[in-house]
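For reference, chains read A, B and C in written order, and residue numbers begin at 1 within each chain.
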Amino acid sequence: MGLKSIISTSHLSVAYGDKVAVEDVSLEFESREVSALIGPSGCGKSTFLRALNRMNDFLDDVRTSGQVIFHGQNIYDSKIDPVLVRRRIGMVFQKPNPFPKSIYENVAWAVRKFGFKENEVRERVEVALKGAALWAEVKDRLKSSAFELSGGQQQRLCIARAMALGPEVILMDEPCSALDPIATAKIEDLIAELKEQFCIIVVTHNMQQAERISDRTVFFLNGKVIESEATSHIFNRPREELTKNYLTGRFG
Amino acid sequence: MFAKKLHWKSLPLPVAGLASLIIAFLFLAFLLIHIFSEGAGGLSWSFFINFASRFPTKAGIYSALMGSLWLLALTALISIPVGIFSALYLEEIAAKNAFTNFIRGNIANLAGVPSIVYGLLGLALFVRILGFGSSLIAGACTLSLLILPVIIMASIESLRAVPRKLREAAFGVGASPMQVLFEHTLSQAIPGMITGVILALSRSLGETAPLITVGALAFAAFLPESMTDQFTSLSIQIFNWASRPQMEFQELAATAIIVILSITFMMNFVAMLLRWKLSSRKATS
Amino acid sequence: MGLTKLNLKAASAEGSSIGDPSLTSVDSHGVAAVHAYPQVSLARSWNSPSGNFVEQSLQYFLFACALSSVLTTFGIVFILLKEMSGFFSVVSVWEFFTGTQWFPLLSPARFGVLPLVSGTLMIALGSCLIAVPIGLLIAIFLSEYCPRGFRVILKSALELLAGIPTVVYGYLALTFVTPQLAKIFPQIEVFNALSACIVVGIMIIPTIASVTEDAIHSVPGYLRDAGYGLGMRRYQIVSSIVFPAAISGFVASIILGLSRAIGETMAVTLAAGASPKLTFNFFESIQTMTAFIVQVSQGDTPAGTIEYQSIFVVGFCLFIMTLGTNLIAQFVVRRIHHRI
């Protein structure tokens, strides 16, 4: 039971117009594990990540083929409601994108929409903010605007927002790229804790970060998966020459 | 050698530019001075509460002002929802295909159709075919069609200004498309939309030609009581007075113009304040 | 910290129960709960978030609103064509387009549209002659010479000019411009094309200035830098780099201005009079196509009569002329976007 993959892709390809961004990717992701997707910019790692909860639906002229299996169902099946998928697969974006609402409302909005009563909502907001290690900093000003928070705090708020829904998978698209080193360290600590409960898939262009936070690393190049191994393995004894060249800074 | 020296050839362009600007504003100034000198004397309470009359001294704008307010309210009621909803569909829902492009291009073209052509549409469609007669509702429907393209284009513009990352955030927490639209995107776009709506409504207030074609009364000594009543409007009243040769009526026209310009300028001013506030808010966040 | 973790797990398990009540029985303490993902349905259905009735009907409702603009266009075209067919069953197309006399209300009636077209073109060209140089210079001044803070204020003030109701311009032409003109040109008639041209010209200055200014604004900075790098003076940069680069926007602004002037109604009705004649004397009274429609509409013309149909025919000509000029303007604007 414990080793069953929670979300997997099979021959997944994504193309924008004529340009193939992701080509024939088959991967499995397990719960209670952090997977890092690395690769040079434009290698398709972000597109792949966004394909996992159908966030590419909003881009023009995107074609997706192959399958993403979640709960035994292909989420690209025409019978699937993508909104239900996104409620179970949370997402944290490259730049913090809190709603233009209060700190409390940022986390509470979606929870309330799912039909929870207001006292349950309050409880969940608190749990999520504690889980995102933000509660101590904001508990006295829950009603003030989320924009008053620092960049790192905003990003943790976005993580809390995703967590409050109780998702099974959390996707993070370069969550630290807009943050300073101290805020980055806090997010990395947080990821290590969240791993106890969620399947976390992180896109990062920072190889040291991938090494620090992940259990498994997937190396993307030109839309294809070159290597997918345990992190310690890939960083110490990469199987592929390309991976080795990338990790040693020959290109990227 | 590098001392700053004004070259004589540098002068004509900015000077001519400034002069042109001054010409335009001088005209505006003359317009205001002329109208005030002609019409300010006629401003009195009785001017607002008297009906139109054959006798200049007894004439007022009561029915015209009320007609204009009725029209404004009905037009707002029709055009604001339809305009904003159209924009929501076109910008947020519609697939980017040929049909959507056709609708968009069509709206841009409708914005350039002269108002009198809308008047002809109103006359044939609302007054005759749908049998509204020359009523307030026929006039309001016509004015609504006339300002719809303006409202739609302004609304699309302000929807575009809503950052993409807000929509992503909302979809990311599992909001349904309509929840994203009405609870996140729209609430951010509304202040910008209001600017466009106010400007469009202020335009409808001054419209005269389409109301003449749908058969607004040139003379009405009664107040409209429902939207199926016949009506006159401030703009029609001004046209009517201005086209009479007697000096006294010309002065009445000037007085009515003071009223209509005050309302128009006020609406424009509010719209501009809103826009300034918005742009300064965007600069800080 | 331990407490927090426990609570979070509970939240997580509860979260999975959304839309699936059977899940409440799952043990919500610890690892097993997190891993025990029961089979849940992600299918779209009548009560799924984006499949439900409200969600779907809202979409159709918004689509219906967007269709209104298409229906308006079809409405305009249909109604104009319908009345036109009645008109041309009485009047020959040849007479209409080549006749030089327009007396629709006399008998025998004459339906030669040329006098109305010439009146309209006089106003359109005359007003552009006034508005184009002024509008262009204002655009250059605002974008190249004006201090930043003033620019916003001046642009808003120009918008005020554009926001004044056209009937007010008509009043002004009649009671202010014409009397002033009469001092210079004593032979001028009370209703004359010249004063209409002047006020319509003022009216379209904001259009020309703002469209041209947008075009100048979109000239990339590196082109300007190239000029400064060569030691050019600002007027040289404006005249030999910025203006040529923005020329299509300028042309488009002229066409848009023309289109507005063609469709302008109240100012010309009040100022230029109601005498349809084939003349190019700006001191005389003329009649434009728009003014004719107003003239007939003021009376109570029964539907089905030839006079009633005639305003739709003239309206159709007006529609085609403004549509044509607008399409050309759009085409020209699109070309700039391609080039830059």
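Note that in this section a contact is a pair of C-beta atoms (placed from the backbone, for glycine too) under 8 Å apart; a residue touches a chain by one contact, two chains touch by 3 or more.
The shown structure was predicted, so the numbers you read here are calculated from the model rather than taken from an experiment.
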Chain contact graph, described as a line, ring, star, complete graph or other shape: complete
Dominant chain pairing [most C-beta pairs in contact]: B-C
Interchain centroid distance [CA atoms averaged], chain B/chain C, Å: 13
Chain A and chain C, separation of their C-alpha mean positions in angstrom: 46
Rounded Å distance, chain A centre to chain B centre (Cα mean): 48
Sequence positions of chain A contacting 2 or more other chains: 83-84, 87-88, 114, 165
Junction residues of chain B, two or more chains touched: 174, 176-177, 179
Residue numbers of chain C (touch at least two other chains): 49-50
Contact footprint of chain A on chain B as seen in their complex: 96, 163, 165-177, 179, 183-184, 188, 285
Contact set on chain B toward chain C in their complex: 7, 9-10, 12-14, 16-21, 23-25, 27-28, 30-31, 34-35, 38, 81-82, 85-86, 88-90, 93-94, 102-103, 105-110, 112-121, 123-125, 128, 145, 148-149, 152, 174, 176-179, 199, 202-203, 205-209, 212-213, 215, 218, 235, 238-239, 242-243, 250, 253-254, 257, 260-261, 264-265, 268, 272, 276
Residues of chain C defined as touching chain B within the complex: 49-50, 54-55, 58-59, 61-63, 65-70, 72-73, 75-76, 79-80, 82-83, 133-135, 137-138, 140-142, 144-145, 152, 154, 156-161, 163-168, 170-172, 174-176, 202, 205, 233-235, 238-239, 256, 259, 262-266, 269-270, 290, 293-294, 297-298, 300, 303, 311-312, 315, 318-319, 322-323, 325-327, 330
Sites on chain C touched by chain A in the complex: 4-5, 7-16, 18-19, 31, 34-37, 39-45, 48-51
In the complex, chain A residues that touch chain B: 53, 55, 58, 60-61, 83-84, 86-88, 90-93, 95, 97-100, 109-110, 113-114, 147, 158, 161-162, 165
